Structure formats: structure tokens, C-alpha cells
Amino acid sequence: MHHQFRSDYIELADKRILDALSKYSLEQNIPYGFDYHSENASKYILNTFGSAEGRVYFLEGGTQTNLLFISYCLKHYEGVIAADTGHINVHESAAVEGSGYKILTVPNRNGKIYPEQIKELLEKNNDVHTVKPRMIYISNSTETGTIYSKKEIIDLHEFAKANKLYLFIDGARLGSALTSKENDLEKTDLGKYCDAFYVGGTKNGLLFGEALVVNNQDLQIDFYNHIKNKGAMLAKGYALGIQFEEAFKDNLYFELAAHANEMASLVKAGLTKIGVEIYPSPTNQLFINLPRDIALKLIEVFGLEKWIDNGNMMVVRIVTSFSTTKEDVDDLINYIKELL
Amino acid sequence: MHHQFRSDYIELADKRILDALSKYSLEQNIPYGFDYHSENASKYILNTFGSAEGRVYFLEGGTQTNLLFISYCLKHYEGVIAADTGHINVHESAAVEGSGYKILTVPNRNGKIYPEQIKELLEKNNDVHTVKPRMIYISNSTETGTIYSKKEIIDLHEFAKANKLYLFIDGARLGSALTSKENDLEKTDLGKYCDAFYVGGTKNGLLFGEALVVNNQDLQIDFYNHIKNKGAMLAKGYALGIQFEEAFKDNLYFELAAHANEMASLVKAGLTKIGVEIYPSPTNQLFINLPRDIALKLIEVFGLEKWIDNGNMMVVRIVTSFSTTKEDVDDLINYIKELL
Amino acid sequence: MHHQFRSDYIELADKRILDALSKYSLEQNIPYGFDYHSENASKYILNTFGSAEGRVYFLEGGTQTNLLFISYCLKHYEGVIAADTGHINVHESAAVEGSGYKILTVPNRNGKIYPEQIKELLEKNNDVHTVKPRMIYISNSTETGTIYSKKEIIDLHEFAKANKLYLFIDGARLGSALTSKENDLEKTDLGKYCDAFYVGGTKNGLLFGEALVVNNQDLQIDFYNHIKNKGAMLAKGYALGIQFEEAFKDNLYFELAAHANEMASLVKAGLTKIGVEIYPSPTNQLFINLPRDIALKLIEVFGLEKWIDNGNMMVVRIVTSFSTTKEDVDDLINYIKELL
Amino acid sequence: MHHQFRSDYIELADKRILDALSKYSLEQNIPYGFDYHSENASKYILNTFGSAEGRVYFLEGGTQTNLLFISYCLKHYEGVIAADTGHINVHESAAVEGSGYKILTVPNRNGKIYPEQIKELLEKNNDVHTVKPRMIYISNSTETGTIYSKKEIIDLHEFAKANKLYLFIDGARLGSALTSKENDLEKTDLGKYCDAFYVGGTKNGLLFGEALVVNNQDLQIDFYNHIKNKGAMLAKGYALGIQFEEAFKDNLYFELAAHANEMASLVKAGLTKIGVEIYPSPTNQLFINLPRDIALKLIEVFGLEKWIDNGNMMVVRIVTSFSTTKEDVDDLINYIKELL
């Protein structure tokens, strides 16, 4: 069977992560995330991202993390602004609205949104009959594989501050964004230029888990109660602590992400050589445009996801992961070459 | 350091569970729980519990499972009946009410509730101004370590049917209940005498995870959508499938539970010999009554949980687990002996 | 002071409505809507709209009615489809999302939506990660003053049935729609071609109140409990019953609506004569396009609402009501004439 | 037919209230509660109750008001403390829990609750697994007709402050409490000793409506948005403003309440004379203990509500209202006399 390029969460975990879990198999720990592994992992993470007064909350999955943070910050008459392509808007079964919060969408530009777009939206939603915008949600890397530049993040941050909006960064693929060759955002910018962000483990070689970093101290109050109330507090919280400790104690987290990006670069180079149209993306998600029959074949054989169906042509997504190898890439490229 | 008897979720997992995860480390799987491990595990579980038309949903934790199933079944004007000691009532930070559902409590009798008590409650809540009772929630084993007899379960089941109530069994410690020496409930009774129940992994040697079994087909419709909507769908669902597959492919799940029960029996025997007052419990949770200073010492040294504080006397909880050894038990008994 | 054309809910009520209330001032009635006035009013309404198996629920306001019916019908993973201009989407402070339900918007065509648009949306939202469309919400008359033809309603109804969607008609201005000269919908079509609709009182000369008619018997179960649970059950339900009894015992409801429409026709005729650009609308809401300074003046003097601000030009709304007189219309026309 | 003593909301409204509505029948007003009548009424009310920095929000009903204020103040992991007999706990179809908030009950003492009881409850609910108590809810007069003394209110207020709890007073029958002969609470104490309270109109001769007074300025922020979001903002808000203006511009509100109390006193005197057992209540609700067959007869003839069914004996409730007359009272007494 061919290596599947469906997504970056179809293999359990990097060996070092599973080894760490095995190592502490029978160690007795304080439950609910108050253990020393979680404490260590928190310190590593706060240090890495320069969040001096931040707190880290380990959660199980991305949708859950978005749901928890948004529902914590907003009142039901307040809304969250997102790109129309935003994960919370299209891929979470209305988890945010299901919890009681309206998403106000802005047309994405290469997966990203900008202050002037949000400004327009604020002007339309400004009385007691409309929802009150309260948060900006962005993803980095975005749902279309692009990344925000340092300037873009700072612009959003400043706009948010000026308009009393929170800025929240979905980092399900933060590793891939930060290790991208085109990236100019420093890790410590994350601690500075947003109210909260999360560090995705699930899509970067951990068994499961996301580390939500809340920089804004006002948004830390009783957050543990909130986690428990939403049924999201893992009894064995140290299962998350151990993984993130391992991922951040030295550079494993970024090594895994860099590897996935490198594999994507190889795919891109290979595809370019054989004339396949690729949308701009400097991370581990690639979107390519192919004749319908070829696309369908690749979906079948390599598990690619269909993105846009334009009749004769089809956009499909290729995702590399921590476990993708050069051989896997070669196999994919050769296969496509033969189809063309 | 002494072995801690604080609870049964303070060690990561049994070696066999972690080995299974390591074994499939890099295997590529369909995400979101639609993989073959989850399918295998489902079959084992349905077969074990005799649920011919049931479906299994793997979730991450107990509070989450309670929250998800209750919120799926009820409308906001409907309520769930539980013992005043019920986990959903006292230990889940209002997760059920936080999702919009009232809990109607009934005074527990040794942790259990009975049809005649529920009948009284139905008579009081019977018009448009009161909440409409719609579900009975019980735990087996209960929060005080006791278990329901076969007859008690059947009585509740029949009462529930006659009154159009769902019966839902919280099986966070189902293994311990079913392997108790006093148990007369057959495994296959679970498939017959309730609308749904869950098989707790977290408190029985798995890394994490609960298997919710929904016997009632009407309550299966779109349940996956509901899971996703609540942020509870694990991307790497196969991480749960692999664990439950391992636990149920042969008898591991019940072996681990039987071991914990056996260790509790040893504790009980040892304590009885030295004259400590023990509340009736045939499972892996024991509640003992001790002079305050001794109780406080044991809380400090063995991590016991304080249960009831009666001033001079204190009830504390001892919990054994899959990893407790005879030596651990001896150490505990000897320590208490010296204190008395 | 000039008569204000801001909206149709800025005068308390028609004299006959208030007289009816005064008449029954001290009559003792069964509370919570179970009185004989409410029963009479229900019969009149079901009869008028040909809803053989329907039930009527009297509620206080339009947003409340939308919120109550939508939240009754949907699970949190289900969504409601509406025009982007739909009242629930833009003018209810996220009341629907605030209760936990996503609105899926479709670009309006003259305030209306069509099956082929909804079909497209269903194709995009068809897996466990997306919200599951479950209801179509339309308004008649629409938020832009237009009305649905009989054929358009039947098409939506058939599409909804074929796709297991509920069809719900917001009739906050149903009177105006049905008495419009361009209308070809029969009153009894309302009883046939949707799951539920409501008959707006607030915007048609009643003190307050909307009559929700649920044709679909499956959607009547425990609806009273739902009303109570949402805090929307009026203790003195007969205050609503008396008003709707008066409005429907003979033809008052439609007389009031027809009057408002007639006044709008006069406004239209007058404006056309003096060359003002008017958007198509056969009901009591008119939208006109004017130079900015004139528009601003009219907003100030006649309380018109600003609709779209295009810089040099501005679209403003004129609304007539049961209490608007010919003299009021003449005054408005003359005033505008002088400004031009 | 005999005058019904079922409750104080079974007659529409006092003549003066309806006359005021008729008087302003066609006056054009700013909608949504921003009209001058509402402003006048607010001033009268803030002045009457000595709430210097308070704001008044006019709402439609009592359950709605409780639901709105509680849901505004609390996070879902926080709970509200109430007497077990509290209206929110037993008579609102779980409206509070349905919105996502747990009610923590305390056994009532004559319908009232006390700091030492709440203290106990705080001690039990003090970690991340339990709900976090955040508000004390009391009713004055209570659901059993009793009233809080000035000292009792101040004690609760001080306890609340010391423990960072809000104090909220349900004043559905505040008029009756304040005009009771046993009352020693001053009107201006309401402005001082709680975070919010409401002034019930529905049960005191208004057509409908409750005036929520929020003393605590932190709890006023965006409250209008919250009202709109919950579907509780009346388009014709001035319909409430006009009523409360009339009720408070001179003393009508308290006159109506005093009248109801006086009628209750007459009932009490009459019943005492003929030897009927009456529970202590200084307001317009009386609870009497009667042989079952007599109680059932009175329920049938005078519409009394059954309160407690003790087999041979039955407690029933008698409620007087603004419209009850001396003749009505005599009729009731005579009727009972004959039955005994």
C-alpha cells in the first residue's frame, strides 16, 4: 500500500513520544493536570514562546480547544470574527455556534484576514440588534497552508487592541508555520502579539493534545473550572504533560514540523518539475489543481482530500507529516508523473 | 515513597496497553474513529456485553461521556434523575447543568437509587412549570463502591420503560463492578437492561478512554455529529480503538479490574483484622472511618481522599488499581497498624 | 411634529385592541394561555389559515418566536438556512446562535431564497465535520418588503420535504404580505405548505404578540414545556388571547394590514411622481434611494431608517402602519418634493 | 361564579393601567425601551428604591427576568444558591439549568435562607470538580408568603459581599412584601443591600411586566445586548414604560399591593375565627391546612392551588389580588364555614 498523504494525523505518534509514555507507565502522578510533567512542559512552552505571564492548559483536540477558549471569552451576544475558510467556520460541525456564539465571517485572502476587512464588519455590527464583535480568530498556518508574516500579526494585534477585540491564534499547525522557510515570525512573538494561541500536538507527531497558551491574565481566571465544566479535563492530565515535556524539553516539536515541511518542499519541487499547478503554500499542506480523473485516482490511491470540485478540474490536498519519508515522496511524484 | 491509594487513575496505563500503542506507532489509519481497530474493539465490546443492535462510541473521559450522552437525549425542559451522590451531581463542575439540563436528585441508599424513590419524584414533576423527568442515571459500581444486583437493575429497567424514561449506566468502574465477588449481574445484562452504558477505560488501566455503548437504536442517530459538535471527536480515534481492542481481544480488561478488586479485598481483610471500621463495598473503593489525626496522616502519606469530615472522626477513601501490589497493601496495613 | 415613518411598531395598538383589553379588565381567567380567549383565537387562526391539525402558541415578540421555534426543532449539530438579509441573521443580536444553532446563509435575491441555492449549500455540508442543514427559514413579507409567490412557496415546500428539511415562515409582517395587491398566496396555503409560520401582531396593530402556528404535529410535542423553559410563557396568557381573538373574530387583522399597504401605495405613487427611485416592494416597507443630504434630513424629520450608505447616495426605509393617514403621506411627499 | 383565589395574575390589570395604555394608544414612541415613558418610569423606580447608580430594565415576566439576570451574571461553571422552595428551583421548568446554570439548594426555613446555611454549602463546593457558588437568589415575599426582615437582608448582603457572591432578590411580589404590616424593610434598602432586584408588575395589577433594577454597575454593561440576545426585548418597550410610569408616578403600585394584603388579612381573620389552621404569612398568599375533602371542594369552587398532599389533610393556597373585594372574602369564609 502507498503512503497516504491524506493528513498529518493518520499516524499515532513519533517513537520518542510513545517511548516517553512507556517510560512513565507506572509512575504515580497527581491527576487532572497538576503533575510535575505538565508543570515542566508548561515552563518549556512559556519559555519557548516568550509568554512571561502566560499559563498553559493542555487539552485533547483542536476543535475542543477552539470551543473552550471562545466560549470562555465571549458572552452569547458577542461574536468571533474569522475567515470564511476558518476551521471553526467550516470544519467543526458548528461547535462554536452549538455552544452559543456567532461566527462573523470575512472573505479570506489566501486563507488570511486583514484589519481593513474587520473594520468594515465592525461598522455593520454596532447596535443592540446586531451581534457585538469581540474576538478575532486566525489560524497559523492557515487552512490553505499559508502563513502570517510578522507584520500581519502585529497589524492584527494592534487593530484588536484598539477595538477591544481579543486576538486568538489557532496553532493546530503552528510548528509547520514557524519552521517554514518563508516564516519571519519569531517564536517569542506568539507570547507578545495575541491574547492566546495554541500549540498543536495532534498534527505534529504527538499521540494527541494541544497546549493552549493564554497570555492575557484576565482570561486565565477560573479557566480550570471552565475546562472541567466542558468535560474536557483529562483525569490523567500527565498523559498530556509527558508528551509536551518530551516535545519541548529539547527541540523535538520543531524538528518534527521541519521534517514535514521539508517533505512538502520535495513534493512541491517534484510536482513543479512535472508541470502540476500548485497553489502557494510554504508549509506541509499543498493544494494542487488536476484534471478530474487524475485527481480521483490520487484520492483513491494516496487518500488525498478533495478540496474544490470544478467539474473538469479538481483541487486536491496533499499533506506531509512527521512520518513521511523521501521514498514516500518519490513514490507519489512518480505515480502522478505516470498519470499525466 | 509509599504507593498512593488516592485513586485508580494516577498511573498511566498497563504495559500491554502502551505496548499496543507502540506497536502501531507508524501505521496509517483512517481518522475520527472510522478505523479498523475501533471497528474490532466495537465488535469485541458488543459481543462481550450482548448488545446485538448497539453501537460503540469511543470518548476521552467520564465527565465528557456523561455530558455527551445526556445532552444528546434530553431537551432543555427535561431532566435527569440521579442519586444525590451521583458523579454528575457532585463531581463534574455542573457539566450537565452547564450544558442545559437539570439534575433531579434522589437520596442515595448505599450509593444506589430505587424505583419507588423515582416514582415519588415523578409525581412532583408533572406539569408545564416543572422539569420533565426523562432519564435515570446510575453508576455501577457506585460512587461509594457498592454495586447493583441483577434484580435491582431489572427493576430500574422495567420502571424506566413503564414511565418513558431512559436508563443510562455510568460504567467508569464497570470492570470493578462486574468482577466483584458479590456481583450477580451478567455482562450480557448490560446489553439488555438499559438504553446505554459505558465501559470505563481511564480507571481500569487504559491510558485514557471510555467506550459508550448505546443499545437503543433511536439514540444512535447522528450521534457522531453530536460528538463532533461538542468538540469530543478525537482526530486520532484509532488511539482509542487500539487500546480497547487490546483490552477486549482477550480478557485483559476484566483481569485488570479483578486484580484491583483482589487488592481491595486484601486491604479490607487487613484492616478488619486490626479493627478499622469499613463501610460495605465489594469493589476497589473502600471507605473507612478513622480518628481525625490518623486520617490526616494517611491523607498525607498515602494520598487518601477525605470523604466526610465528622470532627473527631473522618471517613477517608482507599482506592486500589491495576498496578497496586500485595507489597503496597502490606505496607499500607502495617502503617495504619502502627498508627492505631 | 411630523408623523414618523420609522417602523410599524411605534404606536401602541389599534383602538379596538385596547378596547377589548379594557372590556375584560377584571374578568378572571385561567393563566398561562389555557383560557377561553386563547382557545377562541386559536380556532379563528387555524380556520383562517386552513391548518387542520395545527396548534397555535401565543408568544410575545418576533425574535423570541424565531428563537423558540428554531431551538425546539434543531439539535446543536444542525443548522438553519436563511437569506443573508434574514431577520435572524442580521437583526436579532445572534439570538439563534446564542441559543446554540448555526445559521447558514444564502445570498438573497430581492430578499428571497430559492431551492437551487439551498441545494448547493446541502452539497457542501454533508459530513460529520460540517453542520447538518435541517431547516429553511424565510420571511413573508421579506426584510426588503418583497413577497413570495404561491409557486415559490410550493417549490420551497417540496424541496424541503424531499430533503428532510423543515420549512418555517417568519410572518412578522404576514398581514402585509397577504393583503398586498401582488400577492397570489391564499391564506390557507400557510396551513399546507410549511411546518410552521407565525402571524405577527406587534407590527400590525396589536399591543404585542405573535401567534406561532405549528402545522407539523411532530413539532407540537411538549412545546408548552419548551416555552416555559425559555422563560417565554406569559402568566397572563389571556392578554394575548384577547388581542388575537379581537383581531381574527372578524377581519380586523387584515383590515389593518391592508390599510398600511394602501398608505404605502400612496407613498409610492407620490414619490414616483416626483422622480424618486424606489426599489420594488408591494408591501408596507419601501426602500428609496436619495442623495445623502436629503436622506439624512428625512432620517431626522421622519425617523426613517438608514438602510445602505453608498457615500453620495443613501438607501432609506419608509414604513407605513395601521395608524398612518393620508394626511401623513401627503405631508411626507410634500416635504420630500421641497427638498429635491 | 365565585371569585377565584387561585393567584394574583388571573385578572388582566387595574383600570388605571389600562386607561394609561388607551390614553397613549396612537402616540408614536421610540421602540425597544428607549422612549420617554420608560425613562420616566425608571426615574420613579430608582428614586423610590434609592438606587443612586442603578439602571432599570423592563421585562415581560418573572421567569424570564430570573433567567436573564442569572444567565448574565454567571459562567457555566458557577452556580446560584436558592431555597429548595425557590421559584427558580421548582416552578420554572428548569429555565435556569436549561440556560446552563446549576442551582444549589438550601433547605428553606419558612421559605427563607440564612448565611450559616450558605456557608456550609460553600465549604462543600470549593474545588475544580464542584460548581463554584456565585450568587444568592432569594424571593421577597417568599414562595410561602413570608418576608425577610431588614436584618436578615443585611446579613445576607454582608455575607454575600464577604464571599464574592451576588445577591439577587426576586420581587415578583415585592409590593406585597413591602406593604405587609410585619415588614420593617425600607424601600430604599432595596437600592442598597443587593446587586439587583425586581419589581413585579404581573402579580400586582399590571397587564404584564417586571422592572429589573440592577444596582451594581458592573452588571449593567451590555445588558441591553443580553436582553436582545435572549429574545426578551419588546419592540414596543413603551408598553411597559407606560404601565410602570402609571404605577409609580404616584403611589398606585403600593396601593394595589396594600389592598391585596388587606384582603388577605380579612381572610386570615375570618378563617381564624372558624378554627382553620393557617401557616404564618403576612402577605397576600395564605396557606391553610384542611381535611382532604374540604380542600378538594375549595380547589374546585375557588380555584385554590393544592400545595401539599398529606393524605387525610391537604395544604392549599389562597391568594388575594388587587381586584379581590370584601364581598369576595366574605363569600369564601362563609363557604368554608358551611363545609366545616
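We just call them A, B, C and D in the order they show up, numbering each chain from 1.
FYI, a residue touches a chain if its C-beta (ideal position, glycine included) is under 8 Å from a C-beta of that chain, and two chains touch if they have at least 3 such contacts.
Keep in mind it's a predicted model, so treat the numbers as computed, not measured.
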Chain labels contacting chain A and also chain B: C, D
Chain whose Cα centroid lies at the greatest distance from that of chain D: A
Gap in Å, rounded to a whole number, between the CA centres of chain D and chain A: 50
Length of the line joining the C-alpha centres of chain A and chain C, rounded to whole Å: 42
Contacts with 2+ other chains: residues of chain B: 76-78, 92-94, 98, 128-129, 132, 225, 228-230, 233
Chain B contact footprint on chain D (complex, rising order): 76-77, 79, 90-94, 97-103, 128-132
Partner chain A, residues of chain B touching it in the complex: 3-4, 6-7, 9-15, 18-19, 21-22, 24-31, 60-68, 92-95, 98, 202-203, 207-208, 225, 228-236, 238-239, 242, 323
Residue numbers on chain B that touch chain C, as the complex places them: 32, 75-78, 128-129, 132, 222, 224-226, 228-230, 233
